[in-house]
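The chains carry the letters A, B, C and D, assigned in the order they are written, with residues numbered from 1 in each.
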Amino acid sequence: MIKVGIVGGTGYTGVELLRLLAQHPAVEVEAITSRSEAGVRVSDMYPNLRGHYDALAFSEPDTRRLGACDAVFFATPHGVAHTLAGELLAQGTRVIDLSADFRLRDADEWATWYGQSHGAPELLEHAVYGLPELHREAIREARLIAVPGCYPTAVQLGLMPLLETGLIDAGHLIADCKSGVTGAGRGAKVPSLLAEASESMKAYGAGGHRHLPEIRQGLADAAGGQVGLTFVPHLTPMIRGIHATLYGRLTVEPGDLQALFERRFADEPFVDVMPTGSHPETRSVKGVNVCRLAVHRPGDGDTVVVLSVIDNLVKGASGQAIQNLNLMFGFDENAGLAAPALMP
Amino acid sequence: MIKVGIVGGTGYTGVELLRLLAQHPAVEVEAITSRSEAGVRVSDMYPNLRGHYDALAFSEPDTRRLGACDAVFFATPHGVAHTLAGELLAQGTRVIDLSADFRLRDADEWATWYGQSHGAPELLEHAVYGLPELHREAIREARLIAVPGCYPTAVQLGLMPLLETGLIDAGHLIADCKSGVTGAGRGAKVPSLLAEASESMKAYGAGGHRHLPEIRQGLADAAGGQVGLTFVPHLTPMIRGIHATLYGRLTVEPGDLQALFERRFADEPFVDVMPTGSHPETRSVKGVNVCRLAVHRPGDGDTVVVLSVIDNLVKGASGQAIQNLNLMFGFDENAGLAAPALMP
Amino acid sequence: MIKVGIVGGTGYTGVELLRLLAQHPAVEVEAITSRSEAGVRVSDMYPNLRGHYDALAFSEPDTRRLGACDAVFFATPHGVAHTLAGELLAQGTRVIDLSADFRLRDADEWATWYGQSHGAPELLEHAVYGLPELHREAIREARLIAVPGCYPTAVQLGLMPLLETGLIDAGHLIADCKSGVTGAGRGAKVPSLLAEASESMKAYGAGGHRHLPEIRQGLADAAGGQVGLTFVPHLTPMIRGIHATLYGRLTVEPGDLQALFERRFADEPFVDVMPTGSHPETRSVKGVNVCRLAVHRPGDGDTVVVLSVIDNLVKGASGQAIQNLNLMFGFDENAGLAAPALMP
Amino acid sequence: MIKVGIVGGTGYTGVELLRLLAQHPAVEVEAITSRSEAGVRVSDMYPNLRGHYDALAFSEPDTRRLGACDAVFFATPHGVAHTLAGELLAQGTRVIDLSADFRLRDADEWATWYGQSHGAPELLEHAVYGLPELHREAIREARLIAVPGCYPTAVQLGLMPLLETGLIDAGHLIADCKSGVTGAGRGAKVPSLLAEASESMKAYGAGGHRHLPEIRQGLADAAGGQVGLTFVPHLTPMIRGIHATLYGRLTVEPGDLQALFERRFADEPFVDVMPTGSHPETRSVKGVNVCRLAVHRPGDGDTVVVLSVIDNLVKGASGQAIQNLNLMFGFDENAGLAAPALMP
C-alpha cells in the first residue's frame, strides 16, 4: 500500500483520479489540496464519491504532508508544478504531473506557447514523457512524469505505427480532432454552457493550439525527425471523449496496414486495434483507459486514414497517470484500470 | 466461483449485467443467449466489452446448458421467463428475472396489464420480490426472484419511510417520474431516436402505465393496506437515470423527517440519504447500484416532497439483480457493485 | 412602424427579442443597450443575427435615446427596471419589463423574495401583469407591463380553467416543473456547464423559489381567493422548454374536462388544447409563442393532471413580451409570431 | 400564388418543407403524399404544424393531382423520382427532387453506388444540379432540379473559391465532415437511438460513402478537371447541422485568401464569409438556409483549412429546394427563407 497526494483536486482530472483510485488495490489517497475549497469534504463537492472517501477533505497545499507521500499527482493549471515539483522530488516523492509543465523538452518553446517563462527548466532533463507505448522502460525508472495531453495521446498512438515505419509523408500530417467539453476543464465560461455548446459543433484554435508543439515533439520522436502537422480541434456536444481522425499520404506501397497496427500494439494492454473496416465510437471507451484504433485506406488510394478514440479524462489524463504510477511502483499495469466502459 | 447464464442478452440490461459481472470476484458467465444474434461474439456487438469476454458468444437458448448454471438471469421481454423458469428451477438452478413476469402477485392483474394470460401462475407463490430494503431475508432463501422495475424501485424507496410510519395520506400519493431513454429499451422505435427525443421533454402513459400496479402493490406492503397513487412518467433527454419526485400529504405532525429517513436506511448499503436541503442529481448514480434520497417539507406545510434518484439500468435493473444474487449466494452484498459513479 | 429599444440585450431574452423582431412587420429596433458590451455589434456577439442587424451595436444606456422610442423592453436582471422605468414612462415611452420588477403587486413580498427593497413602489399601481389570457383588455391600455415569468406562464395557463370553475381543491395544488437550462440565464456558472448539466436531472429550490409568490398571486386571481401550492422546479438537460405537470384534486364531479379546456381557450391565438389523451412535447413549441396543453384524469379518479408546455424564451419571455406589444399598439396579436416551431 | 405538391412527406425533409413554406408569401401546398400515412393530418404527425396546415392530410400519390401543381418536390428515398418525374414533367409540372436520383450525370456511376440501375436516364440531360452558387442561371430555366446533398453542399461551397482559382492541389483534397443525426433520416434504426448516438462520436463510411461521387463531380466542375478527394463523414450527437473541415495543399502563393472568399460570395444571399480568424458554429445556421464559411492558413504554411457549416435540413435540403423554386418562378430568392437562426 502506497500513499499518494493530489494537488489541485477540484477539477475534472482530480475527481477522476479519485474515482479510479477508489478501485486501486494498492493505493491510499493521503491528501488532496485546493486553496479555494480547503475544509470541504470531497464527497460534498462530488456526490458520486459519497461512501468512498467520506473522511477525505480538501486541504491547503502543505509540502511537508505531500512530501510524506510516495507519489504526488498534479491536477493543476500550468505553472503550479513548476513551483512545487522540485521540493517534493528533493524529499524523495515521485511526481506525476498531469499539467503541461514538463511536456515540452524545450523551455523556450514552452514559454512561447504558455506566455510565461518556464519555472523549473533544471528539472526538464529528469522529466519522462509518460506515454507508456513509447517510453515504458524510462517510466519505470522515472521520478518525474509529464503525463501527455489528451489530444497528443490520441494523435500519437494513431500515427505511431505509420511514422515509425516511414510509410507516410511526415511533412504533411493532418489531425482533425473532436473533443467533448470536459477537455475545456471545469471553469465557468460562457462557451462551455450547455445552452451554448450543445446542439452545435465548431472548430477552435485552427490557427494554433497549445497541444500542437507537444504533438509535433512526440511525432518527431516516432518518426525520427521533424514533422509537419496541421491540427484542428473541434468542440463536440458531449461530456467525454476524443475522436481523432488522422490523415497521412503514403510514400511507399504499405503492405498490410491492419497487420502493421496489430503487430505494433500486440503487447499493449490499453491499445485496442479494431478489426478491418471498423469505426470506433468514443462511447466504447467512456470511463476507461483504452485507446481504440482503426486504420482505413479509402479506395486503395495514397491516403491512409486512422480513427483513434480515447476518453480524454482517462487515457487522456487521469487513467494514463495511474498507468504511469503502476509502472513506477511495479504494480500490475492495469491495477485500478480493469473495469469495462460504461455503455450505453 | 459460481456459474451464471443470461437469457436474452442483447438488450441494455443484458450488456449491463456483463459490464458489472466483469468486476465480480465470484461469478463466471457461462452462457448468454439470443436467438437473433446466436454466434455473434458479445464484444462484437458491445465493443466496450472487448478485452473482457473475448471468448463469449451469444448462443441459442439451451435449457440443459442453462440448467447447469448455479443461477440464470432473465433479461427478456415479458412472457419468456414464464416459459423457461419452471424447467430451470426444476434442475436446481436459481432464477433471477429482470422482466415483469413475476412481479405482480395476482395473475389476473398481470393478465390485465400485459394483455395475455399469465404463463406460470403456479410459480407465483415461490417468487420473491427482489427489493432487498424490504425483503432481504426472504431473498436469501429464494430460488426465484422478481427483480423490481426501475420506476417501482425509485418510488418505493422514496415513500417507504413515510408509509411505514403512517405519516402521510396513503390514499393520495403522487409520483412524478422522469426517466432517461434507456428505460424504453434498445428497440428501434422512432420516438426513441436522438432526433426525436433529445432537446425535448414529454410525459407518457399519464392515463395508466404498466408499472402502476407494481408500485401500488409494493407501497401497499409498506403501508400495510391499500394505497391510491397518481403516477406520471416522463421521457427525459438523457441516456440513463430516473428522478422520482414524490408528493404526500402529512396527516400528523411528522417530527424530524430527516432523522426518520436516515434511521430507516442506516444499515442499507445502497440507499444514501443526503443531508437536509439536498437535491440529488441522477448523474451522481450513473453506473452504480445506489439510490440517493432527499426529503423536503416546503414552507413547513402539510406536503412532503421526496427526491429519489437511481440509475434505471443498475439499481433499477441489473445492479439490483446482482445485489439479489449476492444475497442468495452469501457473497458480500456489494460484490461487483463497489465502484463509484462516473461523474462528470 | 414604431421604434423600440431594448435595455440589457446580451442575455438570452435579449437576443430572442432581436430574433423575433427581425420578422415583425411594424417594429424597428432603434437601440439595444449593454454596459459591458457597448460598441460591439450585435451580430458579432450573436452570429445568427448576421445579415439581419448589421448596423446595430450595443450602446451605453441613454435615457434620452430610449425615451425617444415608442416602447422599451427591459431584458435585465431584477432591480434595473425599478431605476429606469419611471423616467421613460414620464417621457411617454411604454415599458415592457421582462424582469421580475413589477410582477408582484405587494412591494414587501417582493423585498422578501429578492432580498432588497422595492425600487419603484409608486409604479406598482400602473403595472399590468402581461398574461393576455387573463388581462388582455388591461394590456391594451397599459403603459407598464410586467411580463410573466416562464414557470408562472406554464402553470397559470394549465390551472386556469380548473380554478376559474372551482373544480379542484385550490389549497393543495402541485406544480412539478421541468425547465431547459436557458431558464438559468447566460451567466457563466459551473452547474450550467454542459459537462455538469447534461446527462442528468435534478430538482432545485424545492424549499422555495422566487417564482412561487408570482404563481400564487396569479392563481389566486383565477381562483378568486388564496391558493396553496407546492412548486418543485427541475433542471432538464435541454436548451429550451418548460414542461409543467400539474396536479389538482377534484372536489366535485367535473363533467367533460376536455370540453372545459377547449372552451376556455377557444379564442386564444397562442394556447393550443391538444386532443384527449395527448402528451405535448416541449419540442413542439421550440422557438414559438405557443402553450400546448393536455388534460388527463387517470383512472377516472379524483386527481386531474394537466400537461403544459412552452418555450421558456418565447411564450415564457420574449414572445409574450411581443404579444403584449402587439396588443398595446393595436397590431395583429400574432405579428412577428407566426412561424411554426422548429422540429426536429 | 403557385401550387406545389410534396411526394413523400413523412420524413425530415418533408416536414421541413412544410415548416418553411408556411412562411412563403407566394406558395400554397396543394398535396402531400405518403402511402403509409394516407389519411393522417400532417399536424397530427407533426404537432409543430398545428395551427398552420390544419386542413392538410397525407394522401396516396396521385399523378393527376400532382400534375395539376406548378411544382412538385420529391422528399423520397432514391428511386421514387425516377418513376414519377417523367410523367409530371410531361404535364408541365416542374420537379424539384431532393433525393439522389438526378444528382450524378453518369447513369452507370449512379447504378454502381446505389446498387440498382438508373430508372430514368433519358431525363438526365434535362436535370440541373441545384446549387445556385454555381448554376443560378441554368436553374432559372430548369424544369427538373436535382437538389444537392447535404455533405456535397457544405464541401463544394467551402472549396469552390480555391478550386476555381487553381490555388490548391486538386488531386489530394480532404473533407472531414461532421453531421447531426437527422442526416440519417427518420428511419427507426438502432444506431440512431438517443441511447446509442448521444454522448459519442464516430466516423462511418470511411471506406466510401454515396455522397463521394456527387462531391467529386461538383468539385471537378469548379476545378475544371478531375479531383482526388478523401471524404470521411462522422456522426455527431446533435439533431441538425453539418460542419465540414476542408484541407487543401497550396500549390502557389495564394495572396489574400480572406479577400478571395469574400469576393467570390459577395453577391450570394446565402453564403456568409465570416471575418478572418472566425470559427463558425453549426448552431448559428440552425433552421436557416445559410452556409457560413471561414478560411484559415495555420502558421502561414502550405495547408489551407476551410470551415463550412450548414443546417443539413435547410441549406442541405429543404431550404435549398425552396431557393431553387424561388429562382425558377422568379420570386425573391429569399422568399420564405428570411428568418434568423434559432440560437441558443
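In the analysis below, contacts are C-beta pairs under 8 Å (C-beta built on N, C-alpha and C of every residue); 3 or more make two chains touch, one makes a residue touch a chain.
Chain by chain, the UniProt names read as follows: A, B, C, D = N-acetyl-gamma-glutamyl-phosphate reductase.
No experiment lies behind these values; they were computed from the predicted model shown.
Chemist: Using each chain's Cα centroid, which is most distant from the centroid of chain A?
Modeler: C
Chemist: So which has more C-beta pairs touching, A-B or B-D?
Modeler: Here the pair linked by more C-beta pairs in contact is A-B.
Chemist: Same residues or different residues where chain A meets chain D? The copies count as same if more than half of the interface numbers are shared.
Modeler: Chain A and chain D contact each other through largely matching residue numbers.
Chemist: Which whole number of Å gives the spacing of the CA centres of chain B and chain D?
Modeler: Distance between chain centres, rounded to whole Å: 45 Å.
Chemist: Whole-Å distance, chain A centre to chain D centre, using C-alpha means?
Modeler: Each chain reduced to its C-alpha mean, chain A and chain D end up 39 Å apart.
Chemist: Go ahead and note the Å separation of the Cα centroids belonging to chain A and chain B.
Modeler: 36
Chemist: Where in chain B do residues touch two or more of the other chains?
Modeler: Where chain B meets two or more other chains at a single residue, that happens at 12, 182, 195-196, 198-199, 237, 239-240, 280-281, 283, 286, 344.
Chemist: Can you list the residues on chain C that touch chain A in the complex?
Modeler: Interface residues on chain C, with respect to chain A: 12, 180-182, 186, 188-190, 192-199, 237, 239.
Chemist: Spell out the part of chain C that touches chain B in their complex, as residue ranges.
Modeler: Spelled out, the residues of chain C in touch with chain B are 172, 174, 176, 178, 195-196, 198-204, 206-208, 228, 230-232, 234, 236-241, 243, 245, 247, 249, 277, 279-283, 286, 294, 296, 298-299, 301-303, 305, 307, 309, 344.
Chemist: Looking at the complex, which residues from chain B come into contact with chain A?
Modeler: Result: residues 12, 15, 18-19, 22-23, 46-52, 182, 199, 239-240, 272, 274, 280-281, 283-288, 290, 292, 338-344 of chain B touch chain A.
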